[in-house]
Amino acid sequence: MNSFGRLFKVDIFGESHGLGVGVSIDGCPAGIPVDADDLEPDLSRRRAGAKGTTPRKEADLPEIMSGVFKGKTTGAPVTIFFRNTNIQSGDYENLVASPRPGHADFTGHKKFGGFNDYRGGGHFSARLTVGIVAAGVLAKKILKDITIESKLIEAGGSTNIDEALDKAMADQNSIGGIVECRVKGLPVGLGEPFWDSVESLISHAVFAIPATKGIEFGSGFYSAKMTGFVHNDSIIDDNGTTESNYSGGINGGITNGNELVFRMATKPTSSIAKAQKTMNFEKGMVDELEIKGRHDACVALRVPPILEAITAIVLADLMLLEQKSNRIYL
Amino acid sequence: MNSFGRLFKVDIFGESHGLGVGVSIDGCPAGIPVDADDLEPDLSRRRAGAKGTTPRKEADLPEIMSGVFKGKTTGAPVTIFFRNTNIQSGDYENLVASPRPGHADFTGHKKFGGFNDYRGGGHFSARLTVGIVAAGVLAKKILKDITIESKLIEAGGSTNIDEALDKAMADQNSIGGIVECRVKGLPVGLGEPFWDSVESLISHAVFAIPATKGIEFGSGFYSAKMTGFVHNDSIIDDNGTTESNYSGGINGGITNGNELVFRMATKPTSSIAKAQKTMNFEKGMVDELEIKGRHDACVALRVPPILEAITAIVLADLMLLEQKSNRIYL
Amino acid sequence: MNSFGRLFKVDIFGESHGLGVGVSIDGCPAGIPVDADDLEPDLSRRRAGAKGTTPRKEADLPEIMSGVFKGKTTGAPVTIFFRNTNIQSGDYENLVASPRPGHADFTGHKKFGGFNDYRGGGHFSARLTVGIVAAGVLAKKILKDITIESKLIEAGGSTNIDEALDKAMADQNSIGGIVECRVKGLPVGLGEPFWDSVESLISHAVFAIPATKGIEFGSGFYSAKMTGFVHNDSIIDDNGTTESNYSGGINGGITNGNELVFRMATKPTSSIAKAQKTMNFEKGMVDELEIKGRHDACVALRVPPILEAITAIVLADLMLLEQKSNRIYL
Amino acid sequence: MNSFGRLFKVDIFGESHGLGVGVSIDGCPAGIPVDADDLEPDLSRRRAGAKGTTPRKEADLPEIMSGVFKGKTTGAPVTIFFRNTNIQSGDYENLVASPRPGHADFTGHKKFGGFNDYRGGGHFSARLTVGIVAAGVLAKKILKDITIESKLIEAGGSTNIDEALDKAMADQNSIGGIVECRVKGLPVGLGEPFWDSVESLISHAVFAIPATKGIEFGSGFYSAKMTGFVHNDSIIDDNGTTESNYSGGINGGITNGNELVFRMATKPTSSIAKAQKTMNFEKGMVDELEIKGRHDACVALRVPPILEAITAIVLADLMLLEQKSNRIYL
């Protein structure tokens, strides 16, 4: 439900236009240095501001509510809260009758019997990912010398992302994108048969990022067109280094010590200014809908730090499971 | 680890060349009629035999060890065991020194300190999926009028699958494939924010199927090339029916009542007869490896019933969570 | 760890002398009316103030941080925070060298490598139970017509509790007590074999209440002295009503529809003003210790509302599991 | 439900008069030597045979179905099955109409809509504990130098247990008892705040043992009559050794390095030969019931090895959580 992870457990709460959004990390080893400044670099990368991102600016000031004492984690749950400050909820009142196509407005309403907080997507909003980024900062500290890097490699079908953005914005439209993630320095042996392969856990968490439509590891979908002879990565030394890396660093669901590589697809932002048609439940007919809120022209632009955080969270959990409890961070 | 699901919980155990493989389903509602004949159709679809599948034939005779009384589930765990009968373990002894590229031989050895059962992949083998298929039969009964259909839509880059197989087999090689799954009749509202979206749970389970390299829902990776105006599925009636179905039947991680559609990529079988090079840990050098075991030329051929079972398991769990406990099946 | 429950999941965070303490409830059905006034009666019963309770007074003002919209739960996590206001942390600095006997000072220090927040017991403090009481209020609403009542039936070995308190306070000492809980109106069938009997789940949660030393159901420890003929509760009608109730309302771990009855023992408060001897780790020798903080002479006095909340939390979870999902509260 | 433990996870399945009973242990470290002979001593202590135990004799021959290769655990789930051999199910047919007082016959029937296997208590039977004892043998190996010892210290209100048994048997009646458990050699620091105190986890598992009515740690219920000054255990050396041990080796839910001590109460066996009265649902009236099955006059006699196994299972799980993953047993 709103909890993910076995030993490094990340709980998400909050709403886009409520008091704020938060995260609580249970099982975080004691002794990790953490303060608001540590969180800022990744929060800042996630924050809106650049071309193609929403005009809604949130300061994302973290309030550390528990689990930190004298600047270090205590071993108790670390809870961090981000108050919402820049809210224009009036924008959303008309969406009750007219659920936005491509959004959770209709499904959220049905699932929760109309009691859901529908303002700005409520609990379904991508704003919730701010807590994930914060948890990711702690996870990255546990991973120490392991480096995780994500970047947007294509948007709107083009690698000239700037151009693709200009076109979408001029048209009051939005575009999707592909984000790649690469992890260096992983040990051999992370991942848990039978159900908790590295791919299983990463994909589970990645599909919690709003707008995700697909994920592939190593050769991914292209592998379906390959032969085994080409696809098999020959091991060439005692450490398990492979000549090629079609496996994306995973065999049998377990890391093999080579670079972990995967890509995910983000659909175009559902909220667009351009007029669309959809059901108006008040009028009982299909009608035109104009969305007045503030939105990203390409939400994939903001995905890389979130994807890194997600990846760090999964890997930190597997590291704690595998090696030593790291109950105390040294 | 080896357990998946919240209310309809599926535990997997066993090894490819040990005594057998099994499954235990905890949380299965009482009163579901079940016997060996019910299991046979899906087990038979998964079984080897057709062109391109391994010469190893297993009868897959289910022994129902617990949880069934007078032909119906009792509410206690349903445990089903399949004894291995057609084993040629001598095939595998040479692989201890020389881990097969693309396989879990190296990672399994490292993870478990050399104590793993390496025969035929041991606990990592696709043979373990026989238990999943059995659990899927029970899950499908819970889903009643919901229909799940999977098929191989492409292999070795071709839709002429027969031809692609002939070529691979002639070359002692293997090929990958793409399997699609479609689910009709789902209610609106399955899926659990924030971490347990329908895509999260399905992808988690799908990546437990050996050889899976990617998964995509609805428009999938293609969505990255689309605009929001085209991608947004307009709602056109009170039930939430949409004009297009780029979402693949899911919004905000929750089923929207339209057809659930997704595809997965299966890599080419790692075990091939054709000679390959890889590290020989005994000799301490890269050497030629010839794999003598019996294998599928295209393991994707056997995936459809497994994918249906996986999908049914996830959806049955979400149905039990969502609607009524179905503690008793009526 | 800090999470309890399967469908009605209660997460606890915070510290006695940090920013505050909180609770987050995941899986709470949508549509439950809740505001600060609803929480006050039980919070007030738990609060200090009466004879024998600590002079530390906390207003316990709940800040509802998420999961409530227009006065009703939304189906998303309900997070409630209570800021600490009445803190005198100077009281605790000397306890770093000299861990209080009977407290978690020594074990908490060792477990978390000295990074624990030691002020007032930190995350081990009974102050954390304020969040449990808040969660209990929501749980009680789910239980509707089921009534839960706890009371202190004995303190310091006497049923004249007032007198026992006077004596303890005059002596700068503390006393233990026994609290009984009775639940009326439960349906037949709550509880989950094999590991999650009603007793298993209740005792699990009850032993999270600081200072608990024992629990017994129905005849409890006295049953060890009885014969089966006397102990067996004869069923006397179609509803399963029993003539006696030595079982305490549970058979085979499952509620039988009769009154649920259990008792727990609370040890005397460990913190006493009276001088004690214990190890002084700074001096490296056993020394005299005087505890200056503010404490309850009989912490059992404050247990009844906490015990009711714990019981409600367990039973609400089992109700959601058993009957219908109650995804929406009607 | 039927699964217990976080890293050392024990799943129970089977029925008293079905094919057999089993256990599956997921998360068991690789490399633990195990064979049927290792299991026999504890299985033998649990087995019937002595005075006061049931005439039903089961050989309890373990069939290791998975997870062991070349005599050592592999890291995959260890599944062990015990076929039932000595069944007289005819004994139980009359109990469908007339549920035995004190048993799960009535509650099991109601909970599972009449689909439960009612023969000999089915899945509720104490026969299921044979799997727990087997899992306990593995857990004890993980605990290495830690010793766990349980014994029956009182039965039928007397410490002359032999005499108490004679009396009960002569009267076709049954008696309860108290079993004590002591654990030596535990490190400081096991247990997980807030909900997973050592007492919480042990009591959770102990109440899964059929017929348990109470549990107390250290001073237990007697603590309610004590003062803090007496109850507080003074620490007297650097290791945390305490002068007294009223805490029973636990402070704040965390082991303190002293002896862990607790006691549990087992009610008298519900099945007695002596005629009783109870509801007959077929006749629609209260009637006399004579139970013809074979039963223990004092089931507490058989509890000690089960209690040791339960304790070992909980502590092994906490050890794996706390110290190092022990993924590989060395």
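Which chain is which? They are A, B, C and D, in the order written, and residues in each are numbered from 1.
Simple rule for what comes next: contacts are C-beta pairs under 8 Å (C-beta built on N, C-alpha and C of every residue); 3 or more make two chains touch, one makes a residue touch a chain.
Everything numeric in this text was worked out from a predicted model, so none of it was measured.
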Sort out for me whether A-C or B-C is joined by the greater number of C-beta contact pairs. A-C
Relative to chain A, which chain has the most distant C-alpha mean position? D
Please work out the Cα centroid separation of chain A and chain C, and write it as a whole number of Å. 36
What's the distance between the Cα centroids of chain B and chain C, rounded to whole Å? 44
Going through chain B residue by residue, note those that touch at least 2 other chains and give them in order. 1-3, 12, 76, 111, 123, 189, 193, 322, 327
Listed in rising order, the residues of chain B that touch chain D in the complex are 1-3, 9, 11-15, 18-22, 24, 26-27, 30-31, 63-67, 69, 72-77, 79, 81, 111-113, 115-117, 122-123, 327-328
Complex contacts: residues of chain C adjacent to chain D: 1-4, 12, 99-104, 106-108, 110-111, 121, 123-124, 128, 154-157, 168, 171, 173-178, 188-189, 191-197, 199-201, 203-208, 210, 212-229, 231-238, 240, 242, 246-248, 251-256, 265-272, 274, 276-279, 281, 284, 286, 300, 322
Within their complex, chain C touches chain B through residues 6-7, 76, 189, 193, 321-325, 327
